[in-house]
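Pasting the structures here.
There are two complexes below, and they share subunit A, which is joined by subunit B in the first and by subunit C in the second.
Right, the complex of A and B next:
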């Protein structure tokens, strides 16, 4: 066990070394990405600000609170983008026959996928952290022990929710090869439904965002807890906001189970 | 004891039945009819440690599918496999430590970075001890002259350089067995020779078992002491190159240099394949007529100044097996003298 952890650690270190080297090799591309990421999130926040100029509050949420909501999502999402982005390349590997390689290397298949060198740099994560710190101060969230203990867990849980959904979509490529449509839909839904408190949507959407694609656990439920708001979407206890790590874990376990079924399908088990 | 052993290995692929045309495409979206196709019908083979075996056959014969089962990528439909004492798909990770794989068409090197960086990552993945890693890299650099381009990004390497890099990458963890799938495809003569030299050296120095699938029979002739020929998912020949020549290379060519003009060459079991001035090529079936008999027959009719016998090229033999099938040839009568 210790030996295996040492191997994983070594691979992970080499992987990051290569990522950073690649990012440096293509400096111009990296700078364009960084600029794009910054503008992308800034635009989203400005749009929120404009909306809240028209209405003084959205279902009782003012702009600093909305910024906290957004930054909580952005933090989880950018952790997913930094650590697990390469699952999105699985359909391409499958289509081009590169996926075979995974089976002839002595490591866990999913671990190999998330350590496939790309040109990932934690730039979005740094932006997310900065925004999160600002929004926390600005919205007046109390930074106490609850906050210090739970925020990291919640953010990791949120990242796992994101990761699990991407993993399920990537796994579908073992059957359908092309899954661009699914990917696009999930991405749009996530963009759309993490910006505002889910209480503004109809009941059906709220249920979907809680139980089917649990994006609400990435930011809405935890934000209501830390902002001391009444949870008025589904009228649940505010403590539901602390369930995110558990929800993330459950999502990941389910997605991983599906992934294993997908691997078996790829290897042609039973045929 | 064999290092690789399969018994009645079989792999069936199931796919959704497709109908032709656009209407057909829509129809196959909604019907669930399946078509089963056996890519590997029945393959039984055994290889001893240190053997260098050419696994050959026409496109679609089942070569890649067999290799994928041996490497643990695919799970067989039925039959048994043992590779270095393991069932590859059951002990995938343990098996992966024992094997090295080179796919000639695909690289495992990282496109954007110097060769060195790919090797470093592979060292970590296979947990190769540092000193072993350094020793291997030094030895491979020596045989493959990697030093020239160790610091060059892989995307800038020539195909020959990249393949040399890929070979080193596949051998860094001292695999007992290497599977080489079309390793010399697209390479020029010099690069091919470098790769063949490397395979021969590694096999000799380390006793590595090598399975080579290729369409370039010069690879096989240069390297392999044994050929396994597969067609339609079955093994149709398994043995030494000499035996293949003896059993299937039944036609030889007698090249005669005429001293005087001579016109008629209709000898029994003989075919005039080429005539160029006073040089005449006569192809004969050595099972039915011996070289000696033919030479005597020719000299009775013509005055000749020189004769030589050309052995059939391995490529010709194998092409004939693909085209004409194998059984009737093997069962043909022995030469009567």
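Right, the complex of A and C next:
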């Protein structure tokens, strides 16, 4: 077991070495991506700011609090994009017939997928961290030991939720050739519906975002806890916000189980 | 003209109608994408309904736009985006990438007109989608229908807005004559257009200090002008002014388009394709 972990650790280190070297090779691309990501998130935040100039209260949330909500999502999402982005390439590998190579290598299939080298720039992560620091100061969140202990766990949990949902969609490609549309809808739901406190939505949407596609655990529930807000979407205890790491793990386990079913099915029909 | 130009021929519209028809049918084959775009449109209509409802319920309503107006505005904006989000002249960029634009120049056709007919076919297909989308959206939200004269002005302004967007995209695609890669720039322009064009938030909600500036930008001519006519925020006595501004942008971009196309085309011919 220890030997096995050592091999994984070694592979993972090599993988990051290649990534960093690639990123250093394409420094100009990095700058372009940085500008690109910056403008994307800036337009989203400016839109929120303008709305809150005209309508000062979004169900009791003001702009700094909304910025904190946004930055929590962005942080989790950018960690997912940094660590697990390549899972989104699975449908393409399957379609192109390149997926079979993971079966002939002596390593876990999913581990092989997430260690496929590619161009990863930390642009979104850097922006997310900066925004998070700013929004934390600005919204007056108290930085106590709850914050220091739980924020990293919550962000990792949120990244796992994101990853799990992407993994489920990628797994669907073992049955359906084209899952781009599905991926796109899930992405859009995530981007647009995490922007506002879920308490403004209708009951059905709140339930979907809590239990079916639990994006609300990426930012809404933790934000209500740290901003000392009453949780008025489902009238749960604000402490639910601390459950994100657990929810993330459960999501990941379920998604992984589905992935294994998909892998067996894929091998079963003799591709 | 250069030596590769085709022998003079009487101009006929027929091949261009055919290009448009082929593009229309090509778009119609992506059935799954059609369902997705309508589905995601409906999700957003519902999202905007919830957001505006919550905002109007808890704040002093702005005097110039009621809740019903805001919901109508967002829904019509989303329906318009089915057509306006199309990059009609993407073919220029694609053909510059794979080099096939060189052979297009040898064909006895007017090349820009060929690109425009292809884009028109694509856009016509997507404008057909507006009808089912509208029918389904009407199940989610109540959409106000303005009186016929306002509706007429809206459609005219929508057409002008479409032309502004078309020419802006044409210019961007022509930049590929020099840089080949323009995808990132195009996405950025799209995001900025959505925000400063008033697709997401009506421009009358922007802080007063910026409004004069933002209304003077060409982005406002794409979405905001037709939409504000639709919800009655721009009254009939202001039609000449706002429509005139749209026409001005069309004229400016048309002139730039002609110059950039000539310069770009010369580049292809000089380099030998």
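Going forward, the second predicted complex is superposed on the first by the 262 of 271 C-alpha atoms of A that agree within 3 Å, B and C clash if a C-alpha of one lies under 4 Å from a C-alpha of the other, contacts with A are read in each partner's own complex, and residues count from 1 in each chain.
Assume a contact is a pair of C-beta atoms (placed from the backbone, for glycine too) under 8 Å apart; a residue touches a chain by one contact, two chains touch by 3 or more.
In this text, all values refer to a predicted model and were calculated from it rather than measured experimentally.
With the two structures aligned on subunit A, subunit B fits next to subunit C without clashing. With both structures placed on the common chain, the touch criterion links A:39 to subunit C but leaves subunit B unconnected. By the touch criterion defined above, A:230 reaches neither subunit B nor subunit C. After superposing the two complexes on chain A, the angle subtended at the C-alpha centre of subunit A by the centres of subunit B and subunit C comes to 90 degrees, rounded to the nearest 10. Legend: residue contacts after superposition of the two complexes on their common chain; A:24 is shown touching neither subunit B nor subunit C. In the superposition on chain A, contact of A:47 is made with subunit C only, not with subunit B. By the touch criterion defined above, A:15 reaches subunit B but does not reach subunit C.
In the superposition on chain A, contact is made by A:7 with subunit B only, not with subunit C.
In the superposition on chain A, contact of A:103 is made with subunit B only, not with subunit C.
After overlaying the two complexes on the shared chain, residue contacts for A:246 are found with neither subunit B nor subunit C.
In the superposed pair of complexes, A:254 makes contact with neither subunit B nor subunit C.
Overlay on chain A (Cα): least separation between subunit B and subunit C is 11 Å.
Interface residues of subunit C, counted against subunit A in their complex, comprise 32-33, 35-36, 39-40, 43-44, 46-47, 50-51, 53-56, 58-59, 62, 184, 187-188, 191-192, 194-195, 200-201, 205-207. On the side of subunit A, the complex with subunit C involves touching residues 32, 36, 39-40, 43, 46-47, 50-51, 53-60, 178, 181, 184-185, 188-189, 192-193, 196, 200-202, 205.
For subunit B in complex with subunit A, the touching residues are 11-14, 36, 68, 71-75, 77, 89, 92-94, 96-97, 99, 101, 103, 106, 108, 110, 112-113, 117, 120-121, 123-127, 153.
For subunit A in complex with subunit B, the residues that touch the partner chain are 7, 10-11, 13-15, 17-18, 21-22, 25-26, 97-98, 100-101, 103-108, 112, 117, 119, 264, 267-271.
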